[in-house]
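Quick one: this structure, given as structure tokens, is what I'll be asking you about.
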């Protein structure tokens, strides 16, 4: 099985290469993982603007992936840029990290927090959660207090403190790491710290991991998006040469 | 007051000119109305794909309008492409026709139908209605049975029949013409026909008209979008030369 | 265009005259604004009881306004006394300040606070917000800590502090001044103070202003309430001499 | 225990006397039932207008009942005119027939229909259902096809047919007789007819009956409305001589 | 009238006898109250596990009660173990304390807190509240800080402090004592304390009391559950000898 | 990886063996699948009663599976008997077929139907859908018109007709086969038939397949349920010898 990661930011080789390697670590045996960046877009997605700029390229890359025989795509960003448009263009499963992570959180708990980079993104994150119908299960949104590209291990103690507060004060039973990219190692560090603090397992969900596992699950089960929900656009047919 | 209509489709001169003229007809005295098309996009918006392709240009045009001293923008499409991203970039009001029409329908009735071109667009329309929180007030979606560019007066009897059914069977108390563009004259023809049939006034809402009147209302009252909801993106600041 | 303000409290000449003058200040050129008080009711509306006592007179005054050829009415109170009944009686638009302000807040932000006079009114305000379907967007309710008729500039610092808390702690992105009447100047003072504090524009919505601008918008666009939603009551026909 | 029925329509002696007698039939032993009509209002409640006209008198009569030592009041109309205002004025339980019937329906089934007089009242009924938070459980609204005062046994076959359709087509599991007044005997006739047709018990809920039994339950258990939810209005204190 | 209390825990004679006596205290004259414990289950219900273990016995006891000619059953636990299954088996009303208490709270206030034994039960309680559709009215959940069987008068000051906080900080207008069993006397002590503190009546709802009064109300009014909502299971017919 | 299927019905060897074999067909290479039936329960689950009877055994079997070193369990029934209680007892993922299938449907479409055996189960199915928060996405419920154990290929044309109606009339974009057990082959036959009829892919979701793939995904990603959401019950600790 071949899964294509669409990394919806400008190529910054280290990032895309790092992502590919990290994602491979938890793919099933027999799963090939390849990652592609955008040619036009921004260096990180921290606004509706960034997400909207990324969408056209994401859709094109999904179409390209299908043409190459890839089995499923994931979009490597919690805001899921271009997700619905990409599904219209292709027949293979396209998994958004935001959508996948929220569904996983709803299955593993009944109330969760989303951890994000900065407070300025709270409205954007609340809109993502609302789009997928999970506002009722959102205990709170919490911020790491750093921009995406500055989010390194030095923020870990602050992130753990924020997550602990979400559990204690707001009744969160699980954590979704909304700040993907450098979030890989952080998720497990936070999970360990919460276990120490609360004495029980509190899942800390890495959207990228969930998206890849759901891509494997859907592709493995022959499950694909409904083309009544996401019909092939007439414009794609006539103007872009899509069949 | 100067209102800029962002027509989120490729330039087809007749269309943009026609739109400008029609919109002027119901603008207040003292309101200037100008319309601009996209340079990149599709000839109509009938899919998530089309809407996502239009968004980057819509955002750019909103920023351009603000720089020119325009008082408010409307986005001339029921799917509101690029609406939230445009609001992040500018401080003047940006009104989406879909959002405006749905709020108007909710104020004029407690349950309404949305009339759209083709059945294939029902899922897309339901997602637009859900995005703004109006699913509970949606009696049903109805289709004219023609693509946007083929939607002319010959479809009127069918549209009236569909609207009548929405009123009688599904309890719709108002109609939103989700198929904008050539919908201008149609709205008032349908309204007249429904009045004849049911003996009372049933509003048929033209999203373009509502958007322009709301743009006048917001600009006239000094009301602008919250920059806590739609903060200026960091990427816009550094990379696009926006202040 | 002639807009009638129905002030749903007992005549206290200063108040009605002051309201008329203030509302005129932001009406469009060409808009006539006239205000009428109740002959039976209370001196302020601070309870369901007060609102219910006002309703019969509000409905009568709406009917009277229509008979005089007025183009639209607004009801000058956040609780919208008699709104739905008035709509049943007349064919001109009747705009409630509460309904209008909440729709405006939902278009300008995705989450807002309502500022009201006293904590004792919180349940009443929450019921108004729920009635129009906006509970999901209500960050919190806040109180000025004074009764309507005692709400003067001396409370401004407290109001600003409460609004700041709503923004910081509860994630409010906009403020609705639920305490209308003397709220006119307060809205803009609070808006300025919030801008200073948070460095960005946070709209502070004056329901009276929004209602007048929406009245102009609806009347200007020929939009009237659905008579399927608000049919003429049989009792009004036979007993009150309404046609 | 003494329960006061507030009949929110003009005195038409037969009606009030008939109501009193019918309600007594299902009161518990030891429960006294007395009914009072309005002095100002309409002959039936078939609109928001009628309901709003009735409210001031309903509130006054609730206050009067409490002063006379009555243990609980019910408001004899599905639209619950003046319910919340009455609760503000008094400390004894005030039960609305609409609210009580909908709660009972939600406890006896998970999805129900409301049977009402005429289709023109559907929007009003849907607003009542939404006000109490039961829109999700409303399978449909159905109409008897006659005005309140014309609703006699001749409509029974039509009512039964409508209810059967609600069960079969819309999945209703229970029926609420929204048209109270002459609905007393009808409820049990419809219940019998549905049992014959579907072979199982389908409850047909008479709001008047439920309201009286809930009044007995609340008064018997010492349960009264929260005065944080329904605080005594300042205006009632100073102007109406209420303590 | 004969009401059977199904106490869904293992027989611990003192408890069942005490419950029977306490419940009798507020039953109407003429109501017989009898209580039965489980033969298999746990000593208290503090988890989904405990509730699921209790359900088979609860269903059997409901069927037994009906066979004995009992008029209505209540299930003496806030989590309502076996409620829906019991309703399928019998035709007499089966009232769950959780469901009944939440409906009562929604009729007596518009926003309430649920007081429970320990914080670990918050997710379980939130699921109960969601099951009946009352999440929107839940101000918060609060904990007494003791296990069910350790919950005695010594916790009263803590319980009162928690309830006061729910009123002041979270806007609760009423309290539901989710920890039934020994909650009987506590409810009225807390109610008195809250009245002293806030100067007005704030209802503190004892689920057991409400369930018995609703059982009397439903049985007295001839109201029974819909057998379309809760049809007799085929398995019960053939395998358990139920008719 | 070892996945245990808990088949929550009485042992009827053919069924459990058949299930095991069918489930193996779509498990990933390296996944071991074993199935166990109940020792006490019913022969099929077609009621709340059946589901509640099955729960204690399901919980015990989940605990047993964990003790044997199994990596994840699925509960082979759309009503998910004992799901939450089982999660309290163990630390390995427990996947309910109902919950999993509804999440999958929500990710593959925005509106779906659930196909079930008989109309009598509609209320039960609607409650399952509501429990997981998907009522808004439920287009309708449809029935095969046969009991679980009689559901064979002869019903296929009827099932296809019902699904087609759900798509055409109710706007379903996907189908969830709520009647598991013999549903395996049916799902793909229905999918093929719908593709032929509508010309596009409409997913027909087999809950058993999805549950196994989600079990693989969760176990493969190290994702386990939150023990704040599902804490180990005190009773399990002391009375059942669970650690």
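By letter and in written order, the chains are A, B, C, D, E and F; residue numbering begins at 1 in each of them.
Going forward, contacts are C-beta pairs under 8 Å (C-beta built on N, C-alpha and C of every residue); 3 or more make two chains touch, one makes a residue touch a chain.
Everything quoted here is computed from the prediction, not taken from an experiment.
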item	value
Path length in the contact graph (subunit A to subunit E, fewest steps)	1
Chain pair among C-D, D-F or E-F whose interface repeats that of A-E, sharing over half of the contact pairs by residue number	D-F
Interface composition of copies subunit B and subunit F: same or different, split at half	different
Distance from the mean Cα position of subunit D to that of subunit B, given in whole angstrom	42
For subunit A paired with subunit B, centre-to-centre distance based on mean C-alpha positions, whole Å	30
Whole-Å separation of chain centres (CA-atom averages), subunit A against subunit D	51
Sites on subunit D at which at least two other chains make contact	109-111, 123, 127, 136, 173, 228-229, 231
Interchain pairs in contact, sorted by label	A-B, A-C, A-E, A-F, B-C, B-D, B-F, C-D, C-E, D-E, D-F, E-F
Interface residues, subunit F side, partner subunit B - complex	109-111, 136, 171, 173
Touching residues (chain side subunit A, partner subunit C) in the complex	122-123, 126-127, 130, 135, 141
Contact footprint of subunit F on subunit A as seen in their complex	26, 28-30, 91, 95, 99-100, 103-104, 106-111, 132-134, 136-137, 167, 172-174, 198, 200-203, 205, 209-210, 213-214, 216-218, 220-221, 223-229, 231
Of all residues in subunit E, those that touch subunit F in their complex	42-44, 46-53, 55-56, 59, 82, 84-85, 87-89, 120, 123, 127, 131, 147, 228-231, 233-236, 239
